[in-house]
Amino acid sequence: ANLVLYTSQPNEDAQATVDGFMAANPDIKVDWVRDGTPKIMAKLMAEIEAGNPVADVLLIADTVTLERMKQAGHLLAYKSPEAANYDKALYDADGFYYSTKLITTGIMYNTAATMKPTSWKDLAKPEAKGLVTMPSPLTSGAALIHAQTLAGVPSLGWDYYKELQANGAIASGGNGAVLKSVASGEKAYGVVVDYMPIREKAKGAPVEFVFPEEGVSAVTEPVGILASTKNAEAAKKFVDYVLSEKGQEGFLKLGYIPARNGMAVPAGFPARDTIKVLPIDAAAALKATDEDLKTFSGIFGTN
Amino acid sequence: MAKLILHKLCKDYGTGKPAVNDVSLKIRDGGFLALLGPSGCGKTTVLRMIAGFETPSDGSILLGERVLSDASGAVPPERRNMAMVFQSYALWPHMTVAANVGYPLKVRGVSGERYREKVGEALRSVRLEQYAERRPADLSGGQRQRVALARSLVTDPDVVLLDEPLANLDRHLRQEMEETFREFHARSGATMVYVTHDQAEAMALATDIAVMSEGRLLQVAAPAEIYARPEGRLVGSLIGQGAVLSIPASGDDNRELDWQRLAALMTQGRAGGGTIDILVRPQDVLLGSEGLNATIETALYEGERYALRLRLDDGQVLRAHGRQPAMRGDRVKVVLSKAWRL
Amino acid sequence: MAKLILHKLCKDYGTGKPAVNDVSLKIRDGGFLALLGPSGCGKTTVLRMIAGFETPSDGSILLGERVLSDASGAVPPERRNMAMVFQSYALWPHMTVAANVGYPLKVRGVSGERYREKVGEALRSVRLEQYAERRPADLSGGQRQRVALARSLVTDPDVVLLDEPLANLDRHLRQEMEETFREFHARSGATMVYVTHDQAEAMALATDIAVMSEGRLLQVAAPAEIYARPEGRLVGSLIGQGAVLSIPASGDDNRELDWQRLAALMTQGRAGGGTIDILVRPQDVLLGSEGLNATIETALYEGERYALRLRLDDGQVLRAHGRQPAMRGDRVKVVLSKAWRL
Amino acid sequence: MPRLPANANSQPRWLFPFVTAVVAGLCVLPLARLVMAGISSILNGKALELLADPAIWTAAWNTLTTSVLGMIAAVAIGGFFALALTLADIRGKWLLSFLFMLPTMIPPQVTALSWVGMTGPSSPLLKALGLAPPLGSPQPLYSIAGIALLYGVQHSPLVFLSLRAGLLALPRDGIEAAKLAGASPWQMLKDIILPLSLPGLIAGAAMAFVSGVGNFGIPAILGIPASIYTLPTLVYARFASFGTSTFGDIAVLSGMIAVMAVVGLQVQEQALKGRDYRVIGLSGASATFRLGGMRLPLELLLWLLLFAILIAPFVALVSASLVPAYGVALSLKTASFAAYEEILFRQKVTRTAFANSIFLASATAFGLLVIGVLTGYALTRGGRRLAAALSAMIEIPYALPGIVISVAFILVFAAPLPLLGVTIYGTIWIILAAYFSSFFAVGLKPVVSALRQLDPALEEAARLSGAGFWRRLIDIIVPLIAPAAGASVILVFLIACNELTVSALLWSAGTQTLGVAIYNLDDSGSYDLASALSVLVVAMVVLLMLLLELMAARLPKGVVPWRN
C-alpha cells in the first residue's frame, strides 16, 4: 500500500513536500490528505475509534497536538539520525515527533493604518481601539499556542488579553479570516502567522508584517509516525527526508523558516537570529489547554 | 339592479374554433335566464366571461350603465358583486363547510351574530345544518354541490351565475332547491343566469331561455314561447322531446300543421318543391288503428309510461309515449295530431 | 363473469353515524343494478367499497367464489379488474384525453394498432374524436365526464361502477350514452352498478333497482316491480313523482285501491282504527268536475304540460299534470283513479 | 378459497419495511455509532459536565434565535419571490426565477464576506456613495440579527422552490371562487392561497430553519468576532482541542441540535395537523394577480433584492478572482486572468473535483428522488405515529453540522464492511452515502408536501385501471408532483454541488469535491484561485441549468422552476 500522509500544510506546500520526497524515494508512493488541524484530527480520531486508522505519517500544525497523541499512545517512537542538526527544544526526546519549520505569529497591519505597531503592547493603545483582530484559539491551533505563549510572558500574561478585549479587539475564525479582514481594510491590525501577509505583500496587497520586539510565538509543524502504521520503514524514510537538508530547503523555497540549524530564511523575513522566538513547553501547554481555552473564552466572552 | 347586457361576445381559446361566437343578449333587471345547450357549446365560457375570469376576445359586457368588460379593460371579478356555483364546485378544502359558506360574508365584513345567523340560514336552506363542521373532502358529491349552492346565495349579489347547480342532486332535493332559487330570486331581485342541461328545470325556473349551440346563440325567448315556437332543428329537438321530420314543402306560410295537412303532405310523396323540417312532440303522436305505418324500435320503461322510438316506413324516427308494454319490432299505426314547422 | 355479492356491508367513517349500514345485495351475473337514493345516503361509499378504495368496517364482498374483501383482508383495487366513473371524474391532468382513455389498455399491455383502434372507438362512442389531443383542463364539464366514461369502457372489466356518469350531459348525449351503456352491457356481459339520482335513467337502463336511504337498503327489485309495488314512503315518493297521502286505514289487505274505495275511506272521516300511507301518482290524479276539493299551489310549465301541486282541503299535498295553464289559488276537483298502499 | 393479502392499502407490503430499513441505514446507524463512541465519556460524566457549562446554553439559545429569525427572513424573501413570480404578472419571470436559484451556489462564507465587505469601510459601493464608515467602525452584521439576515439570504431559495411547488398545485377554480366572493388580493392571499399551499410553505420554512441550525460558515464569520457562538461553531471548537471526551461532547452537542430539529419538526406537524390540503379537481393556478400600477415598483424591489442577494456577492467573487492578492483594488491595471489560467490549465485537481462533484451531486439528487418518492409515499399513506418517528430520524442528519455526519460515517465505515469484507472508506462511495444521509430531508420535504396536496381520486383511478404500485408511481404520481420533484432534484443538486463540510473529512486522494477544493485553496491563502474556482462552479451550474432549459419541453410541466 502507499504511504498515507495527513497534513495541515496548504495544498501546494503539501504537494511540493510529497513531490520532493517521491523524487528522493522513487519506490515509495505517497497519498496525502490535507485539512485544517481540527478537521484532520477529527478524521484521524474517528478512524482510530473505528479501529482502522488510515494515516501512516502526520505532519500537522503544532507540537501540543502531537504531544497529546503521544500521551494517548498513538505515536511510534523513531530516533532519526537527522535530529543531530536540530535544537533540542524542537523535537521530542523520545523521538515521537520532530519540528520541521517555524511558523511565527506576529502583527500585520494595513498600510492605510496610522500607527505602525512595533510591539504587542501597541495593540492595546487607544490608536488601535476597535481595529484589532486575531484568530480564535477555538478555531486555530497556532492561535492557541500563541495565546499560551504570550500568557506565559511575565510582561504580558492574561492581563494583556484583558486589555486587548477592553480595547475592542476581537478573536475571529482562523488566520485566513484575519488576513482578509486586515487586507480589505475592515480592521487595521491583525495577529497572524508570518507567511500569509508576507506572501500577500509580495503579490501587491496593502499589508505589512512586523515581528514585535517582545518576541513572537511559533508553531513548528512537527512530523510523527502513527503507532498503527503498516509502512513503518517508508514512514521513517519520510521523517528523515523532511528533516534532511533537501527537505528543509523545500520548505524554505515555499516561504517558511526551516527548523534545521544553519539554514537561510525566505525573502521578506529578517535574519533567523534576529527573530526572537518565545519558548513554550509542549507537555505543560497540553496539560493547561482546557484551562487556557476557558480563560481565553472567559475574557473574550463566550459565556 | 340593472340590465345585464352581452354585446357581440366572442371567446377564442386558440383552439381554432371559437368557444363563444358573437353572442348578444340582454337580461332584464331581475331576470332569470336559463342557458341551455349541448355539452361543450360554450355555456360555462359565457358564465366565466360574465364573472370576469376570462377576458372576451371581442365584444363587451355591461351591467346597466357600468361597463364590466370591453376592449379597453375589465372590472376584476372581486369588484363585480356576483356569485357563482361552479360546475366543479370550487370548494376550499382547508375550510369547514360553515367557513366555506360564510367566506363571502367574512370578506364583506359581516361578523358576529349576523354572520352566524346568515350562515346557519344558508346551510338550512340546503339541508346541511348538521354538516357545518365537516371538511368538503368528507362530504358526498351532492352535499358538496349544496355547499357551493349555499355559498352563492349567502350574500346579496347583483348577479348569480349557476353552472349546472343541481346536476348531482336527487329529485326531492332538486325540487326543494328549485324552490329555494325561486324564493331567493323573488326576495333579492338578483339577475340569475342558470346553466342547465335539463330542459324541464329551465322551463320551471326561468323567465327566459337561451339556447346555444357550438358557441352561437340560437334563440332567446320565454319558456312557453320557445316551447311552442322553436326556431330551427336544434332548438326544436332540444326543447321538449320532440322528433324532427323532413317532409315535402307545404307551400303556405302556416307554421302550425294539423293531421289533415300533414297526412296530405306526407302521402303526396316526394314531388319536387323541396322539403321542410317539422317538429312532432311525443304527446302529439297518437297510436291507433289508422295513420302512418311505423315499427317500434325501442320501448323504454319510464315508470309512468313507456318511451317509444318509432321508425316510419320512410326511415324517419318519431318519439311517442305508450301506456302499454310494447315489443321491439311491433307494427303500429300513428296519427300526428299536431306539428310545428321549424 | 360471476355474481357480485355484498354481505352485511357496513362502513363507518367515524362520524358517529355509519355511512353504509348492513347492506346485503346480490347482483346476478351480468346484471345491471341501478343504485338510487337521496344525496348523502351512501351510494358512492358502496361503490368505493366494491372497488376496494374503502375497507368495509364490517361485512364482506364476493365476486362469484372470489372473496374481494372481508374481515381478514382485501384484494387491492388494481387486481379486481373493475372500471369506474368517478363522481369527480378523476382525470389525469398531465395526460391528453387519448392518453387518459388509453391508460387502462396501456397497463394491460395493449399497444400498437389495437391500442389506437380501441381508444379511437371509445372516444367515438362519447363523441370526442376531435378532442383526443386536448388536456382535461381545456375541456368543458360535460366533455370531462365523457372522457371518464370512455376510460371506464375501454377495457373488458368484470364489473363497471358508474357514479352519476351522465349528470352533466344534455338530453341528447344522455340518450346516446344510455344507448352506449346498453350496448356495452350486452356485448361485454359485465356486471354494472350504476348510481344515479334520475329515476327515469335508472328505469330505462337497469335490470334491477336498489333504493337506499341513510345508509340502509330499502328495496331491491326490477324496475316495473319497484314502480308498481314500492315499499315504504321513501321508495314510493322517490320512484315516480307520486305524492304520499295519509288516509284512514282500510282494514283489508288489498294494496291496490281504486277511486271507489278511496272516496269511501277519505270521506268517512278520521274515525279511529289508525291511518295508512298511500301513493298517488300524478297521472292518476284527474282534474274534473267531481271528486275531492283542492287548491292549486303551484303550476310549473314543463313544456309538454303543467306540473301542478295541489293542496287538499285536509292540508295534504298531491301532484298532478295539467294540460291547461292554471293559476295559483284556483279551486279544482280531483278524482284519484288509482292508489297504492305503501 | 384463496387467501387474501393482508391489506388493500395502497402501499405494497414491502414498502414500509424498506423505508424503515433505508432510514435506519442512512440516518439511525451512523448517529447511533457516534453515541456509542461517546458513551464511555457520557457515562463517566465528562460529557455531562458540558451541560453544566452555561456557554453551551448560550450557544443553544443563539442557535435557536438565529435559526428562527433566519427562517423568518428566508420565508419573507423566498415567499415574496415565490408569490410574485408564480402568481403575479411580473415581467422577466424567467430571468428572475433563474437567477434566484443561484444564491445557494455561492458558498456561505463568500456570501458572508461579501456582505461584510459591502457594508464595511472598504465597500466600493458605499465608497462611491461617500457613505463608507471609517476604518474599524463596528460592523452591524456581527450580531444575531446579521447572522439571521444572512441565513435568510442563503436559505430563501429553499423556501422559494418549495412554496412554488405548492402554489402550482393550487386549484384554479378555488381561487376564482374567492375572487368572486369579493376577496381583495390580500384577503385571498391570506385566506385561500397561503392556507392551501401551507404544506409547501411549511416544508420550505422547516428546511430553512434546519439549515440554519446546522450552518457553520455564516456564524463562523459573523458570530465569532462578536463572541456569538452557535452549537455548530462550538462543535468545531471541540474538534480543535481533540481530547478523550471529544466524542462524548460531540454526541451531547449533536443531541441538542437533534432535539432542536425534532422540536422544529413537531411544530411543523402541529401547524399542518387537522387540515385537509387535498386539492379536489383540477389544479394549476395561472397568473392570478394583475398588479397594474404596482407592477413597476414591485419589479424594482425584486431586482433590488436579487442584487443584494446574488449580484453583489457574485461581483465580489468575480473581482476577487481577478486581482492578484486580497485587498488590492480591482482596476484595469491590476486585473488578470492568471487565476483562471492556473485553475483551468495547471491545477489537475480542478478536473477531478468537477467530475467528482457533478457525479456526487447528480447521483444524490436522483437517488434521493427515488428514495424520497418512496419514503414520501409511505409517510403520507401510512400510519401517522410511525411516520412521525421516521420523519424525525430523517430530519436530524440534515440539522447536524457536516463534520458530525462525516465523523459518524467514518466511525461506521472506516473498518471493512462485515460479511463483504470490502471497505468503502476512502472511496467516493462513502461521500455519496453521507450525502444521502445528510440531504435526505431536503430531497424528501417538497415531495411529501406535494403528496399531501394530491387529490387521492387520481391515484384511485389509476389503481382501478389495473396499474400496480410502480406503474402508477411512474405514470401518475411522479408526473403529478413534478414541480415538487423538480424542486427536490434541483435543491439537492445545488446544495450537494458546493457542499463542503461533509466531504471535508471523507475525501481522500482522487475524491476531492469542489467544496473541498475551494476550501483548501482558500485556506492556504490562494484566495484568487479559490474565487476563480467558485466563479467557475457558478458558471457550470448556470450551464447545466441552461441545458435543462433546452430539455424543458420534454419534461413534465412545472419541473423546471424558472419556467411558468
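Letters are used for the chains, namely A, B, C and D, taken in the order the chains are written, and counting of residues starts over at 1 for each.
Please note the rule applied: contacts are C-beta pairs under 8 Å (C-beta built on N, C-alpha and C of every residue); 3 or more make two chains touch, one makes a residue touch a chain.
Computed from a prediction, not measured in an experiment: that's the story for all the values here.
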Higher-contact pair (C-beta pairs counted), B-D versus A-D: A-D
CA centroid of chain B to CA centroid of chain D, Å: 54
For chain A paired with chain D, centre-to-centre distance based on mean C-alpha positions, whole Å: 35
Chain A and chain B: spacing of chain centres that average the CA atoms, whole Å: 89
Chain B and chain C, separation of their C-alpha mean positions in angstrom: 22
Junction residues of chain C, two or more chains touched: 88
Contacts with two or more other chains, residues of chain D listed in rising order: 280-282
Chains grouped in pairs wherever the two touch, ordered by label: A-D, B-C, B-D, C-D
Contact footprint of chain D on chain C as seen in their complex: 51-53, 55, 65-67, 69-70, 72-84, 86, 88, 90-94, 103-104, 106-108, 136-137, 151, 155
Touching residues on chain D, where the partner in the complex is chain C: 1-10, 280-284, 455, 457-458, 460-468, 471-472, 475-476, 479-480, 482, 556-557
Residue ranges of chain C in contact with chain B within the complex: 13, 15, 36-40, 43-45, 87-88, 134, 138-143, 145-146, 163-164, 167-174, 197-200, 203-204, 223-224, 227, 237-241, 281-283, 300-305, 307
Sites on chain D touched by chain B in the complex: 171, 173-174, 176-185, 187-188, 191-192, 195-196, 198, 275-282, 290
Contacting residues of chain D [partner chain A, same complex]: 37, 54-55, 58-59, 113, 116-117, 120-122, 135-139, 142, 220-221, 224-227, 229, 233, 236-237, 239-244, 246-247, 324-328, 334, 349, 403, 406-407, 410-416, 423, 425-426, 504-505, 507-509, 520-527
